[in-house]
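First the structure, in the form of structure tokens, and then the observations on it.
Letters A, B, C and D name the chains as they come in the text, with residue numbers starting at 1 for each one.
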Amino acid sequence: MLIVLPLIGTLLCFLLPRQVKALGLMTALAIAASAVALLWQLLQQGAMRYSVGGWGAPLGIDLYADGLSLLMLLITATVGLAISIYANAAFKLDKLVHFWPLWLLLWTALNALFLSADLFNLYVSLELLGLSAVALVALAGGSAALGAAMRYLLVSLLGSMLYLLGLALLYHSFASVDIAILAQRMESTPAVWAAMALMTVGLLLKTALFPLHFWLPPAHANAPAAVSALLSALVVKGSFYILLRLWLEVFPLSHAAPGQLLGLLGAAAILWGGVQALRQTRLKMLIAYSTVSQLGYLFIAFPLATTMAWKGAMYLLLSHALAKSAMFLAAGNLLLFGGHDRITQLDRVAQRLPLTLAAFALAGVSIIGLPISGGFIGKWLLLTAAMQSGEWGWAVVMILGSLLAAAYIFKVIGYAFTQAEVTHEACEVSKTMGATAFVLALAAIVLGLIAPWLLALMDIAEPFAMSSAALNAGAAA
Amino acid sequence: MTLLQWAFDGLLGITLIWLAWRTLASADLFKAIVLFIAFGLLMSLAWVRLNAPDIALAEAAIGAGLTGALLLVALARLNVVAAQTGDIESNTKQISAPEDSARTTAVVGQGVSNKHNLFQYFLVLMLSAVAAGLAYAVLSLPSEAPGLSRDVAENLNVSGVSNPVTAVLLNFRGYDTLLEMAVLLLALLGVWSLNRLPEQYESSPGLVLDMLSRLLVPLLLLVAGYLLWVGSRAPGGAFQAGSVLAAAGVLLLLAGWRPAARFLGWPLRFALIIGLAVFVSVALLMMLPGGQLLQLPPAFAGALILLIETAATLSIGVTLAALFYGSRPRSEQIPPHHTGSGGENE
Amino acid sequence: MNNAYLYALTGIVLFTLGLYALIIYSHLLRKILAINIMASGVFLQLVALSTRARPLLDAVPHAMVITGIVVAVSATALALALMLRLRDASGSAELIEESTE
Amino acid sequence: MSMTEFLTLLLLIAGAFFYIAGTVGLLRFPDIYSRLHALTKADNLGLGLIIVGLALQADSLTVIFKLILIWLLVLLASASVAHMVARSAQQKGIKPWTR
């Protein structure tokens, strides 16, 4: 249902362009409702496997839902709903006519991606995701946005090609593209190693891990605010999710060296992204580099590879999705308000747009990882995991990253309170747009308060168990 | 395997590589595209050699034909803009993109800076290593592997069709195809959302092209119908038929034909989405009697597949032709503050 | 022994050639061509290796490639439209290294 | 070797010869018009010979019909395309080659 609903919405929006606002919103609500329904089902029965067409793997395609995919779907529904409301307020009708079908297709792709247990199906979903994201970036118009979209498109296609080549090797090694079956048949052959390298690099390109992040800041910064929020919060997470699935289930994780490499790149991303963010003069560029930095954290879990580390990364991912979308929406409001997003010229917006700035600040709290926020729980789990493994290096990097985050966020907030030298006419920003940003930011904080419940959800079908077991076996041997 | 076959395969492989290289390295973009089309045609020869006639058809029609047409029309539009914006100085050499020649010679030719050169050597070295690694990985695979052929063969009789490729595309892995139709629609949505493309360059179709299209279009329609119908038993199917349909559309568009404005409102939209719509409805209907999503009961599977394929063919054909046309047709544009206009609801 | 490996290796060479051109050339039309050649290489490898199932026919990779071809043409169409639009907006069909302000 | 097989072989070889002649012409002739001439005329004849050669081997009338259809279509396409290429060359002001 989760996949078909947005598709139907797309078709309706395409067929009846005048009613897009209402139709789109209805679809969004329906998707959110069915995500909750899935939550209910999973709570009752545990992990679910569903064979499309009734064939079952390896011949057919299986869908699979466990705690991991459930959380991704829920976060997508939450952020998606908020962005839908925001977009309806922010775009004019002539843009909305294009926005809604594209966005619903993107939503289709995300839901399909989080539910699929079939690698080739994931490839098609990835293409759907990438192309719709590119089209959405290009919606902004202007040469900067178009250039960014083009770069994004090429990178995305390159990533897909690498992924597909890896997939071909896997299929020809094991005669299946189903994740569960591959996991059973897995063995360590040259073809598997090549496939692992190809698919990992392809997905890293799409996830924008340092040093493959070059395309991300321009694309995220030049897109319309609602789209930037989508990209940073959800789209990059899509390819990360596949990567996580692959490393957790398909590829034997007891090989430590590649994991270490990913961790090192993640650490570099944290620092590099943080420093770059601090250097930016435009608000949206700053937020985009902050995404590069925050994505780095997710990869710290790979060398640690304990259940706690995975959960920490997952938690961070969720809270980042909420906080970063709130931040981009807030930045969009500021941009609309002042007509620019130069940080040094944020002219007393604190007084004039209190709700938006509050949203930005709250989101900042979560990004930095201050206590009670969702970001805090995630970082805490990761830190603890690092210390338990006795790997202090990772912990130091994480703390440095947080300090950098604090620096760049306070820089923005500081300018927001002071009067700029150049005063300017302010444009009206609708209440809805401030409120949605604020609600998202608030949700990022609330995420910290409901931690036990969420962590329990993650345990449905124990998606992280396998890797830890593999690691323990490795340690015992 | 006879020696002759080996020689043929070897020659074909080398020619493919050579053509690919010439495509990518030739200084003239027009030449590059023509070479790319030739490359596509040889690819379909390779598909035939690999016992994959379905792909050969798809490659010849979509990979070489339509992609080539898309590339050529894009190049023509690039040059129209070049002529309009006035940087004609290097455009005297007929159809080569002006800004390209300078850069390519800088890369290929003599004027390469040392640093650039070093990077290139490094890249060649790296990529050779990658290729060698991949080749090793491929060669390490066992020389015989049934893949999923047995599963496909066992279930073929309940799939409703007897062409295994169609069975996989529309029954076993129909869900992939569903999403793929969405990708196709998405591409059109994306192209349309970019909207302000350069003006269609006006070509004078001429008598011969006009005659040709009059002769060929009915024939193409016939071929499309045949491919669709035969797809259940022999090579063919919705994608091949759809692209032949699109070829007819492209020919008509080239000959200067434009659909009447009243067809451009919702009839066009309807044609564009009907494939996906029918697919989704069938998928959902199958859940009613308690089946799984997209579970086609063997008794009706053949008919249902034909239904889906027919709708899909129409949509694919129209979508591809619309992609070729590029910008959103005129009468479609909805003025932002003027919601009551257009042929939307009449 | 059959021609599976021959075509699979051809596919790999095509893939690498395309990758090289994608990185080296700056004109977008060329980059789009390069991506298409890469895709052909991947498809060739995917199907060539499936002929190892002879005398049976493994139709699954065939279907995958047909899906892939359609996806590729969609991506190409979008890329070309984007290129034209970019050319319109910036006057160049190449990607310019953007300065960080 | 039976008579038909021998005839097929002969026709195929003759067809291939015309193809080669056409290709040589395409590569060696001095200007676009004479190249078109070499390409379309020689290749059409070559294709015709090959089609006849193959038709001798066909099992049924349908196959022969399809083969002839192929030939007709190629004739139509190559004639039209040659015309269009030549016309656009003329419109661009390319003069025919004279010694």
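Please note the rule applied: contacts are C-beta pairs under 8 Å (C-beta built on N, C-alpha and C of every residue); 3 or more make two chains touch, one makes a residue touch a chain.
Source: prediction; values computed, not measured.
Ranking A-C and B-D by contacting C-beta pairs places A-C first. A separation of 32 Å divides the Cα centre of subunit C from that of subunit D. Taking the mean of the C-alpha atoms as each chain's centre, subunit B and subunit D sit 28 Å apart.
Subunit B and subunit C, compared by their mean Cα positions, are separated by 12 Å.
Shared interface positions of subunit C, i.e. residues touching 2 or more other chains, are given as 15, 19, 45, 49-50, 52, 60-61, 64, 67, 71, 74-75, 78, 82-83, 85. Among the residues of subunit A, those touching two or more other chains are numbered 59, 120, 124, 127, 131, 134-135, 138, 165, 171-172. Shared contact sites, meaning residues of subunit B that touch two or more other chains, fall at 134, 138, 141, 145-148, 152, 172-173, 176, 180, 183, 186-187, 190, 194. Here, these are the chain pairs in contact: A-B, A-C, B-C, B-D. Residues 94, 206, 208-209, 211-212, 215-216, 219 of subunit B are the ones touching subunit D in the complex. Subunit C meets subunit A in the complex at residues 15, 19, 22, 28, 31, 35, 38-39, 42, 45-46, 49-50, 52, 60-61, 64, 67-68, 71, 74-75, 78-79, 82-83, 85-86, 89-90, 95-96, 98, 100-101. Here subunit B touches subunit A in the complex through residues 133-134, 136-138, 140-141, 145-148, 151-152, 155, 171-176, 179-180, 182-183, 185-187, 189-190, 192-194, 266, 269-270, 272-273, 276-277, 280, 283-284, 291-296, 334-337, 339, 344-345, going by the rule given at the top. Of all the residues in subunit A, the ones that touch subunit B in their complex are 4, 7-8, 10-11, 14-18, 50-55, 58-61, 92-94, 97-98, 101-102, 105, 108-109, 112, 120-121, 124-125, 127-128, 131-132, 134-135, 138-139, 165, 169, 171-173, 175-176, 189-191, 193-195. On the subunit D side of its complex with subunit B, the touching residues are 73, 76-77, 80, 83-84, 87, 92.
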